[in-house]
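Dropping the structures in below, format is structure tokens.
Shared between the two complexes below is chain A, which pairs with chain B and chain C, respectively.
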Partner chain A sequence: MTMISEKTGGIALLQGNESIARGALEAGVTFCAGYPGNPSSEIIETLAKAAKDLPIYVEWSVNEKVAFEAATAASYAGCRALASMKQNGVNVISDFLLNMTMSGTNGGLVLITCDDPAGISSTNEEDARLFARMGGIPLLEPATAQEAIEMTKWAFELSEAIKNVVILRSVSRLSHTRSSVQTGLITLSDAQPFFDTSKPYHTFPVVAKHEARNQKLDQAREIFETSHFNTYEGPEAPELLVISSGCPWNYAAEAVELMELGEKVGLLKIGTTWPLPVRLLEKYLKISDKIMFLEEVEPFLEDNVKSLAAQLGHRVGVKTYYGKMSGAVPSCGELTPGLVMKIFSDIFHLPGNTGTYKDEIDTMIADKLPVREFGFCPGCPHRASFYAIKTALAWDDRNGFVSGDIGCYTMGIWPTGFNQVKSVHAMGSGSGLACGYGKLERFGFDQPVITVCGDSTFFHAGIPGLVNAKFNGADIFLIILDNSATAMTGFQPHPGTGITAMGDVTEPVLIENICRSIGADVEVTDPYELKETAERIYRLMKKTGPRVLILRRKCALVQGREGGFPFNMHVDPNKCIGEDCGCGRYCTRIFRCPGLIWNSITGKSEIDRVICAGCGICVDICPQNAIIREGKVE
Partner chain B sequence: MIVQTSQGQTRLINEVINNGLCVRCGACAGFCPYFDYIDGKIIPLAPCCSDTARCFQICPLAEHGEKNESDESGIGDYRKIFAARSTDPEIVSRAQYGGVVSTLMIYALEKGEIKAAVLTSRGNGSSPAGFLAESRGDILSCSGSEYTGSGGLSALNRALKAGKDMLGIVGLPCQMEAVRRMSMVEFSGENLSAPISLKIALFCTWALDHRAFDDFLVKNMDGGKIIKYDIPPPPSEKLVVQTLKRKMEYPLSDIRPFIQQGCLLCEDMTGETADLSVGTLEGSKSWNTLIVRTQRGEDLLAGAVKQGLLEVAEFPDENFNHLMEASENKRNRGRKRRIEKNK
Partner chain C sequence: MSKADNMPLNLIITGVGGQGNVLASQIIGKAVVKKGFRVTIGETFGLSQRGGAVMSHVRISKNKNCGPLVPPNMANIVIGLEPLETLRVLAEYGNRDALFLVNSRPIYPLNVIAGEVEYPDADWIKDTLLKSVKKLYWMDGTAKAIELGGPIMLNMIMLGALCTIKNFPITVDDLKGAIKNIFPDSKLKANYMAINVGSGIISVESKS
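For the complex of A and B:
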């Protein structure tokens, strides 16, 4: 029994994502699905653990769209259901989302998006809130872990009240911050799933359904007018009214306190950010002539409040606005308390706060910490794979390049992957782009293209590209970097791993069988065999038509958990020639596994015994045979 | 003379490889992880940092102050010149012409003059590559000419790295030049060419860029395994490709675009620094021209003739004049082009 599945409430130290999971359990959720992606992954993981103690169903789906569709089906059958994902996932579900919102729901349905301002672990920092507006969907933004519990719980009630999906938006800092919370009682649902065939779900007639959806939005707006998630704190007539939502509200409150601006600044926290509660905003817009918006990524509140103010016209009067449009607030990236203090300093002309905390820290530690770049772990099969790819592309010498995809191997754009990857965007886009490159030959394009895609990514969105290549005769060479895990997000299982989110054993879906049935030539090899892998890639580059090379080797961290690697490594200093001609510090300068270190005093390479995993592949890159692997003694 | 090894990979890449002058002799490959030879091409794999890099020093196309053009004339220094042919029916059946090179190498190996021979084989696929031959069978498997850059010296480097010595080597004039440059470089206190006991040069007018020529053959040939290439002496003006099924002939004017640009700067047709140089004998399909240049070469030949492995004959005057003229022409053309290039 984990703290999350404890049926009675109490004080608990929970991460934001755990709070969201707890809120869902308190609401009596029965069906949960998602696709892993930072910063959202712990929501499904937490619920999957709770499923051991509670009668709920939790799954990692093949992708976000399927997750949300599955959750929606549960809602249609009367269950409370949840789907969770990162911001990019909302793009994946968007087609279904913008249709299903026209036909409505039955059991409470909550879509959780965890956005990643500054793209800390993402390819972009998009603001998924815009989908709420596009789809006419109520949007809630918790600012604290406590609110995450309460808002999630309430979101199911709201969904059932208006019979439509509700979006709850978290961000990295909330999802991953741990705080003390008061939990409530867990409700066990006794709903008997039933699909009422007299109430079909579809979007026809479109205009009528659209109108109905808008009415639901009006209904939500009315509920929001009195929601306790919207609060005001500050003087009756502040010099500056700050309108904010989510984490930035915390930063604003902290800045006001530290800078002792409580008599000048009023803080209006909006927890129900779409649709905006009109009467509430009218009331507060009237109390100040200066309005500031603090929110992360897009000027969502800013645009919508300004639009509302224009509509309200003389009733609220002319304002001076401070936000992303005025330039007072940065238009991209994360906000921080320090940054908000700097913004206040500028507006109130206060001295001494020109730099942010981060700037000060950066200055203090500038020359005291070594520069660290992104890197593959010691023993990571991706390092071996990119080493082989780099070698094969060089041998081929026709300006070939790698079209990338989403996963740990995205780091192939950096030195750790020998800078091999030349484009990365969305899940599955590697194979889609390959379809285009693969048809350019008729216009004189003669560069070979290798597309890399992870195992989980292949299942998620990589398959259609391969099918398309077969269908249209595109010359595609897909390398599937199969590390047998959704490694980047924390080793979640996927269809190929033979285990489900709830720990049930399932028959694995075999990538090679899928590829062969599509009609591709398929080969499988172990990327740890560096030379053989490079030779295979080189040979396959010369072929034409759809071909797939599966480079299969478990994620190094998973191998570590399953008993570790077989070798103890050391460098023979008598054989190592260091910087001399014939080597030139090849292992630490070119191969760059963090387990290898350069001793500038002895002029020899060494193994960092703390970091080295013992995979043994560096033996094959040392030109002097100076790196020695010995079997571990059991 | 000991040349300081202080100029390395960057100059080799910039001045030779990226300048399109690499003749794929293989001298820079097989020794370090920064260069590979594969399918007729030298491939730089990663940036080297060593300030003692030898690759540029030993490259036959590198111009680093060390004298490049020979001050020889004609066919260079030599002691004797013969028409020669093998008497071994197995060798003759596989030979390009007279089987002299295979015979001499097998004789040197079996007599213990060398322990292994660095040769050029057809490679695993269809591409020529360096090969370390350690038996009669190994040597026979390498008989026949290739006409494209072959990276053969990468096999020498691998052998040196493995600590082999008493090596024989068969190579083109550019490869002989690389070996000569190796003899002037001291590396870790050792003369790089010291383990080389015997050098046999093959006459060469030019060689083709393997990948470009291969593309041409793919487009202009209906498949089949190639068993022999030949460019018969003038005035034939054609390249003959013999496959298992048929014989194809291509006018040299179709082939010349694939000549390695570095070959056009070469002034040495016969391999003037070798112990022995071997080529075709104009007007004959079963004899070779054999130039003896050193005492070692002379001794080896004498032994082979004494054992009846080789038959030698007086070299006809007319052939000698043609050989001198062809050799001088190549030298003059190369010298002229080099002067133009350096203008």
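For the complex of A and C:
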């Protein structure tokens, strides 16, 4: 890990996100802020580690908007600054982003967005590049980890050259790919922050500032015309010109090699994807009549190049385009080498991969492979919480449901959370929706609604909903699933944990104090006490007005790292009577903890010793009291 | 990337969250970089810590970095930490020349635990793999790992075996060197033991 802050360069094995961090350090970044979210989290984590050796400041902010605002302040004061987030974070910062881009910057300011094609670890699939176009902001897209280092470093220079923010877009596949890279020298920041009061940053007069922003974009375009991040490889007049950006370029290059298409296909890799370098594109649009676009998520390059081609008119001539719009390239999801090879096979009428090995194997294994559904970890407090919620809603029997939010507990939509969660969208949206449900009673709505929100999510965007509920008298019952970490993204600290990104001890912000000061009734309990928790939820459901139940229990993975749980579990085979019980295999069929398995030979339940964490909560669910919890013998 | 020297070498490590897959791929990466090779490791994890599948694509080459994903049916070696997940990569990445190194111990998906679907029969998985690839090593690595101190030792056992495969670019000693700064001293000895146990698996069978 120390290789990140190694001052001299060399060959290193770095993840894409580490490469971005390294590029920022080589640029002499001073101030870094972000909010955790896969696939971006490792950027700030890496920088926070480097802060032990280098004169930089790194923080996990309460949300992305504050992170980007804090970084922008550092830029105003003349420091090189970076903010990093996942695609959804850019949505959160968008209001500030589309304003600040009018007023410009001072020290180099780089916004990193890590998009997640196919939503591998996200609730949606989106293309944050569109914000670059909307905000008139230069956009860079690295295709490899090596480029991630070089482009990030250069992004700071570009930002200072045009005095505006620059966006660097990564995707999951790059962020989470580890490669051997050549690193350069680290520049030690010698920032002396100073805010020049004669040069204020605001958007007035609006039209003049808009014009100034557009001029900066033209300046960036001119720089991009000769950027070495845009490359062409292929014949002088290829049958097909492939224009690509980011990871898909790798797949296209390898497909051309494997399919021996080097004499037919030219690859134009665009690293500077907004604003498009016009003269460069004119030059290459002229060399082929067939143009293909390979990019991930939205047809961003495709739309913009086509618009440019229309503008250039007869100078480039009429083209046939292959991309997401023509249907040649899938309109959604992630591209892969296999998909790109298939796309090329279709275009060049080459035999595909049918009737081959893959077909043979698929025929053999057909539908015999069970899907591996997502589930809460063994010992996860969320399983206990949703079990208690399910129990209370069943007692109440008025068709109640759960309004969900973003975190591990989003999985409450699936059987692992007993399918209790009925809506999930954006950070903090659970409480916002609850404000609406909470005012529908006057129109005859009588279903109870429980809103769940994690601890980090509550700080991020959950508070306004609760304030609104108090203000408007909405009947809201908020359960805060406090596992004392931003668990989903890798246990990053948040304001409630009492520790910062750089490891400094800080006074924790207490969730119960916030809720009480808003005027909500607040109770706190341990979800591992299943029965007590269910009874408490049931009782609170009957009350009215804003009320908060904090279910506080440390994430089981964190507990595991801190020495684990104190119990050894086993199922007493004399007590478990299997199918004769009448429970319908309740522990394995309904409770669904991976630590409990069904032995079809003995017809009884068992503990999987490899998986069981030893939390002991399943003791309470067996009607025969067959699940036994014993203290660990050291 | 000439084919003559078997480069790039495409290795896939597949399994379930919590099996130490990503760490194993990083250790291999570190060791091959030290030997002067280029390496690219695509890691697919997503919600993996919550019971999902995890796959690492380790691509080793001589003089240029490969893309992050192995092209269809081009894996040279597959390390299966879990049998079902191994079978899942077979159609997409397997081929008649591939070598598969598989831990036979299942980690049951929740829908299997719940009795909604059946986990495929172990013999059927083994036979399907035997029929489909050039060489299969099928072992209860988890049982060996538990003997050594815990199921988490499985990944080092598998890496120990990997490094004894003919023409694999790193040796057992390279592997031991690579983990030196990764594990704390207190855990190093057990991991060396796991590597030794793993390295015995293939060589013993090759002799018989």
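To be clear about the criterion, the second predicted complex is superposed on the first by the 613 of 634 C-alpha atoms of A that agree within 3 Å, B and C clash if a C-alpha of one lies under 4 Å from a C-alpha of the other, contacts with A are read in each partner's own complex, and residues count from 1 in each chain.
The definition used in the following text is that contacts are C-beta pairs under 8 Å (C-beta built on N, C-alpha and C of every residue); 3 or more make two chains touch, one makes a residue touch a chain.
As the structure is a prediction and not an experimental result, all values here were calculated from the model.
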Inset, instruction - Check chain A with both chain B and chain C modelled on it and let me know: fit or clash. - result: fit
Inset, instruction - Return first, second, both or neither, reflecting whether A:346 touches chain B, chain C, both chains, or no partner chain. - result: neither
Inset, instruction - Report for A:623: first if it touches chain B alone, second if chain C alone, otherwise both or neither. - result: first
Inset, instruction - Could you say whether A:441 touches chain B, chain C, both of them, or neither, answering first, second, both or neither? - result: neither
Legend entry - Residue contacts on chain A - larger count, chain B or chain C: C
Legend entry - After the two structures are overlaid on chain A, angle v-u-w for chain B, chain A, chain C in degrees (C-alpha centres, nearest 10): 90
Inset, instruction - Give one of first, second, both or neither to describe whether A:585 is in contact with chain B, with chain C, with both, or with none. - result: both
Inset, instruction - Have a look at where A:397 lands relative to chain B and chain C in the superposition and call it first, second, both or neither. - result: first
Inset, instruction - With the two complexes superposed on chain A, say which partner A:263 touches: chain B (first), chain C (second), both, or neither. - result: neither
Inset, instruction - Tell me which partner A:95 touches in the superposition: chain B (first), chain C (second), both or neither. - result: neither
Legend entry - Per-pair minimum CA distance [chain C against chain B, superposed on A] in Å: 10
Inset, instruction - Touching chain B in one complex and chain C in the other: list those residues of chain A. - result: 585, 589-590
Legend entry - Interfacial residue positions of chain A with respect to chain B in the complex: 390-391, 394-395, 397, 538, 579-586, 589-590, 621, 623
Inset, instruction - Please name which positions on chain B make contact with chain A in the complex. - result: 5, 8, 31-34, 36, 38-39, 41, 43-50, 52-55, 161, 187-188
Legend entry - chain C residues touching chain A - in the complex, by the definition given at the top: 1, 16, 18, 25-26, 29-30, 33, 37-47, 49-53, 65-73, 84-85, 87-88, 90-92, 94-96, 105, 107-115, 117-120, 124, 128, 131-132, 142, 146, 151
Legend entry - Partner chain C, residues of chain A touching it in the complex: 11-13, 15, 38, 120-121, 144-146, 173-174, 176-180, 247, 250-251, 253-255, 257-258, 336-338, 341, 353, 356-358, 360-362, 364-365, 368-377, 408, 411, 415-416, 557, 585, 588-590, 592, 594, 596-598, 608, 610-611
